[in-house]
Amino acid sequence: MTTLRTTPAGAATTPPLPGAPSLTGRPRPLETVVRWILRAAAALSVVITIGIVISLLGPALAFFREVPVLDFLTGTRWAPQFADKSFGVLPLVTATAWTTFIALLVAVPFGLGAAIYLAEYARPGVRRTLKPILELLAGVPTVVFGFFALSFVAPVLLRGLLGIQVGTFSILAAGLVMGFMIIPTIASLSEDAMTAVPQALRQGSAALGANRMQTTLRVVLPAALSGIVAAVVLGISRAIGETMIVAIAAGARPQMVTDPTMEGATMTGFIARMALGDSRIGSLQYNTLFAVGLLLFVLTLAVNLVAIQLVRRFRQEY
Amino acid sequence: MNPTDRTLEPSVKEAPAHAAPTTAPSARWREERVTKDAPTPVLECVDVDVRYGGFVAVRDVSLPFGHNEITALIGPSGCGKSTILRSLNRMNDLVDGARVDGKVQYWGQDIYGPGVDPIEVRRRIGMVFQKPNPFPKSIYDNVAYGPRVTGMDVDSMDDLVEQTLRRAALWDEVKDKLKQSAYGLSGGQQQRLCIARTIAVEPDVILMDEPCSALDPIATLRIEELMVELRDRYTIVIVTHNMQQAARIADRTAFFTADVDETSGDRTGVLVEFDLTSKIFENPSDSRTEDYITGRFG
Amino acid sequence: GGQDNTSAAPSGESDGGSLSGQVVIDGSSTVEPLSSAAATLFRDVEPGVNVTVATSGTGGGFKRFCADETDISDASRPIKDEEAAECEANGVEYTEIVIANDGLSVVVNPENDWIDCITVEQLGTIWSPESEGTVMSWADVDPSFPDEPLELYGAGTDSGTFDYFTDAVNGEEGAVRTDYTPSEDDNLTVQGVSGAVGGMGFFGLSYAEENADSVKLLEVDNGAGCVSPTSETVQDGSYEPLGRPLFIYVNNAKYAENAALRAFVDFYLENEEQIAADALFIDLTEEQAKTAQDELASLVG
Amino acid sequence: MTTTTTTTTTPHQRLATDGRSRERNPRSVIFLVALWLSLFIALLTLLTLIVSTFIDGAGRLDSRLFTEFPSSRPQQAGARPAILGSLWVIGTTAVLAIPLGIAAAVHLEEFADRHSRFNRFVEVNIQNLAAIPSIIYGMLAVGFLGLLGVANKNIVIGGAVALALLILPVVIISTREALRAVPRELRQGSLALGATGLQTTWRITLPAAIPGISTGTILALSRALGEAAPLLLLGALVFVSFDPNGLLSGFTTMPIQIFGWTNNPQAEFRELAAAASLLLVGILLAMNALAIVIRNRYQRRW
Amino acid sequence: MNPTDRTLEPSVKEAPAHAAPTTAPSARWREERVTKDAPTPVLECVDVDVRYGGFVAVRDVSLPFGHNEITALIGPSGCGKSTILRSLNRMNDLVDGARVDGKVQYWGQDIYGPGVDPIEVRRRIGMVFQKPNPFPKSIYDNVAYGPRVTGMDVDSMDDLVEQTLRRAALWDEVKDKLKQSAYGLSGGQQQRLCIARTIAVEPDVILMDEPCSALDPIATLRIEELMVELRDRYTIVIVTHNMQQAARIADRTAFFTADVDETSGDRTGVLVEFDLTSKIFENPSDSRTEDYITGRFG
């Protein structure tokens, strides 16, 4: 039996024992190349962001050279194409805020309700069938949703069934339909968050004599909060950024929206119309497009950064 | 003999490789407490079968659980110990496709009888799980959860929480951080918190499914001590893989095994033997029990 | 009107469909139906030529046209000086061709029984920027009218139609009250007007004729009596000031070198009558057609 | 061993048997009804939408829709180039976005140092990109193609670039989720055998994540299929008289064709638009169904 | 004093304060095989510290692993057994923030030295995990995976797979279903498949982190038998919670515990004692070892 070779602590390098297997690896050039490709693919997302900023910023700056930023942000009259021009973006912002708000008013309760039902009450078979059907709602082209708002929700549902006096175009109809469009986003992501809550927590609650509703409201929902917040925020982003529904159904009249039965032009709706309109490219009117685009970008960015913080705060490791 | 002596009685016997231990863990001390006589059954299975879908997981189990006693359920994996345990407080209701036939009597009343509220059953017959599963809430809220949801009439929740944590031998360790998340506790502390949570709703019976299998030996020891203390107020049923544990703390032990159907290959759990723990470990009536106890099983 | 949806075999020299190549058209969405109709008919003659029509708007169309990206630019208004300068800077020479006529029709709700003919002054009263907040009901236009609230609908502010109408009615492009409901989609304007008793709107004649059940078409009095908008009145210029021409701009160099483009443009002009009918517009007067032919001829010559 | 119980029970020990379960108390019932209604209303909307579109468009849902080219005469018009254009664009989008998205996700999930500032920034950035309005991607694609000197932007590759940029973050995020769902133990098992990181990813992690990746990707593609806004900014065509036949070919897609038709004065075009909408919804339904089949079929139990 | 001396001849002068427990598991049979002498170290930790972020998880571990011996690492939860094990084949490289200081010598060569390829290290020093983790592939492909990715030069993969499965005592059970998914196997079979997978790449050393803790007693027994068989060809290091298991199969045993820092409350793992298994279980030199072995720990 050989005695142990010993190494004085702190000795520099130890030569390997005679006959010891080599531990140096073979070179793996493919590995290196592929890893660089992967890294480049990930970095591309940053390039995209930079691209967005550049493509918005140039014309937007040209615009802000002529219209002071403050006037743009605080003005309440939006009339870039009228003879008496005015570039206060608040009418567009209020319209966007209202459509978003109404959409959330519909999507958050219904989306969460559907999610809770699917995650906590439905049998697995039912969930497997219903969830994808619900997700289908998210896949319906927004153009189709837009005409649905115009030809069904406003005249039949709102005016006909509910007796609400809305015009052909209204923030209300557009917001409602947008809400329905967002339901699956919120429902599906919240449902994922809730199913990720360990079964053990539900069992623990049931074993204490809590009923299903109590378990859901007091254990599952708080535990899934970060996922639900993330879902709602994605819903908000969708609502702010949705274009076709509002372009078709909310109207094109830029006015300070104080009442959802009014019509109003949202930021995205304005961009879509302006981009397809007959204004001369490069003109001041045309460049408003980019100023509004930039504002939209900054707004969604802000909503998201806040959301990321919130999600971090509520994140729960089990 | 006091409980501490009992738990400190060496559990580790000679266990050389591939040789059966010469002696099974001793449990002689327990005869002073309970007798061969049938216990007053707080809870009793009568001819219970449990099915999952079409598959019969356990068959024909009749088993009484004595008042203020600890009953251990042992047996190889898959023999249906957890299944039986869950049928004792209708937790199986929550498992898709599970069906319980037969009767489970609680103070003589069938918990599967008509008009019985499973939620009420679960409040009376609490449960502690294999992996500690505190809620993602503060320590205080974990304990207060049960009293709140069951609408218990409490004078002072603070007092109740303190008292409960004391009974669960956790108060001293957590009294300064009641408002902190329960997830900051160690595994053993979390499990004691789960026990505290369970006793906060003042159940009669506590069911425990391998409550120590995720814990280290020291934490295990503390839980065992706690169980022995709690025995004075509660009827305890514990499933364990650890035979030494059963020998150390159980008054009575039920040994289950799985019968294999020759044709279908289905394994169905059956109760082989139920007796005083000392009897099961020292002088089992059934050869299958003996084989299992001595590690000769298979 | 000269609308006739039954297809007649397009006339024009058919050299057996031997051509291939590409014709890229972009521009006004108002003119698009014309170009699309032309392309539809042209396909039967020259199936080998790929014609595409996009609707980036008149401004968007000129942007691309002057960057030498497109062959033809559809325009609902004449090219602006800045745009022309850009074309020049890029060395793009072009020919403006009037390709059809359009009448802007003024419509009201069918239940409106107090007006059949509107004067240009009245239009000015209703639509001028100063009216915002003051002229809010029909009674404010003329005391003899009922006190029915005015609800105004019209073309989107980004459209050539908007520019044209505001110029014609108020003497300056973009000079109009802002409290009306603009819409890109004239079908929606129809819905708006048909939904409100006091409603009024303006849009292309074809929309009014297609929706004769839902809206009432007004005659317009330019001081020379009431004139109802028809192909004839638009063509002969008596429907004033709301009759307007629609244009295509053709890239001269490309016209010269691209046989497919040449064939298409020639075909477009030769069949302008049929095309205008298909697209629900008003065809050219003989004089207009002749001018256009001459312009083209000078190009190849 | 069973003893018939004769124990007397105290009231405390007595279980109420009046059948009043706390599961069925009024509040719980109202709660459940509310949940059920939520789901019901969402599904009802979908149904209403499909039915009302069907009523509008059923008359034109015939073979002409598939075989005919657009025409200024509604009776002769069809969506053939739009259908083919949608296929071309979505196919190209998939080719662009899927490999890139998977590569980025693999880097972030499997190789990136989570603590490096840059990688954290990339992560936040991708989350943000996923929330950016689609119309802004249109503006980006216009800028990007302009930069490349592409004159004619309404070509298949142009539309595909816009849509690929749009869905890239979604593909990355769903791929990362699918990769994350693969248990660590599998990777460790592979690495402990002397496999390299890339071998582990290629042979173990990615195959195990395929169901999740394909589900997420199909849903992303179906979103792209229904998008109109970014393509409109590229100067989308409303009239195409030929079948698209390559990356540089002009194209139109179904949502744009639908949008274009609804702007025509003739009511027949609106009927045609409804028919095309139905077709589009049908295609999306098929794609979602495919995603579901994949999800259910290959769902693994670890 | 050299490290080996330190770890192999622990404070013999200090006789244990109290008598060794009479009931400690006997391991006398093993003395026929290994002697008190230091083993030929295939693998050796020299002054190893492992940190996670700033936190020192284990400190100052010097420990040789003898050729063709089974060494067991035991100790309470959180004392750093898994951490040390993972540092033996650089699996810690994959853990965020983990840092290893000191040396781990493999045949005298520091595996953390410059130019050493961790991938090569892991092929030589294989690892089996707590939960069986077969790949979602067929049984055959699970075994063939290692040889394939490491580019091993094999004449016939079929032969290699068969031979390997035979060595892992699994061949007879799976030979008819080689092409079926490994997930169809029972837990015990899956774990043996993982062992087979590991030996297929012909490592020198096999590290096992509680390989039986997810298994039932019968499956555990089979794995233990397998380990004893494999000992003739491989050097085995096993972490176990189950002291009987260590007593049954290990030639030498290292006992770890966690020192608690009074001020910060941080727990740092330290090696308490390393010796022949029989010595550790029958006559430990350190009182902490004895307390742990007899269950009096804490």
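Just so it is clear, A, B, C, D and E label the chains in written order, and each chain counts residues from 1 on its own.
Rule of thumb we're sticking to: contacts are C-beta pairs under 8 Å (C-beta built on N, C-alpha and C of every residue); 3 or more make two chains touch, one makes a residue touch a chain.
Treat the numbers as computed from the prediction; the structure is a model and nothing was measured.
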item: Common touching chains of subunit E and subunit D; value: A, B
item: Neighbouring chains shared between subunit C and subunit D, ordered by label; value: A
item: Per Cα centroids, the chain farthest from subunit B; value: C
item: Distance from the mean Cα position of subunit C to that of subunit B, given in whole angstrom; value: 85
item: Intercentroid distance (Cα basis), subunit D paired with subunit B, Å; value: 48
item: Mean-CA-position distance for subunit D and subunit A (Å); value: 14
item: Intercentroid distance (Cα basis), subunit E paired with subunit B, Å; value: 33
item: Sequence positions of subunit C contacting 2 or more other chains; value: 29, 55-56, 60, 184-185
item: Residue list for subunit D, restricted to those that touch at least two other chains; value: 21-23, 196, 262
item: Interface hub residues of subunit B, defined as touching at least two other chains; value: 119-120
item: Interchain pairs in contact, sorted by label; value: A-B, A-C, A-D, A-E, B-D, B-E, C-D, D-E
item: Subunit D contact footprint on subunit A (complex, rising order); value: 28, 30-31, 34-35, 37-39, 41-46, 48-49, 51-52, 54-56, 109-114, 116-118, 121, 128, 130, 132-145, 147-148, 151-152, 180, 183-184, 187, 209, 211-213, 233-234, 237-238, 240-244, 268, 271-272, 275-276, 289-290, 293, 296-297, 300-301, 303-305, 308
item: Contact set on subunit E toward subunit B in their complex; value: 21, 23-29, 76-78, 215-218, 221, 224-225, 228, 241, 243-244, 247-249, 292-298
item: Subunit C partner contacts - residues on subunit D that touch it in the complex; value: 69-73, 76, 151-152, 154, 235-242, 250, 260, 262-267, 270
item: Parts of subunit D lying in touch with subunit E, wherever the complex brings them together; value: 114-115, 183, 185-196, 199, 203-204, 207-208, 300-301
item: Of subunit C, residues touching subunit A in the complex; value: 28-29, 55-60, 62-63, 76-77, 80, 82-83, 86, 129, 151, 156-160, 162-163, 166, 170, 172-176, 178-185, 188, 191-192, 195-196
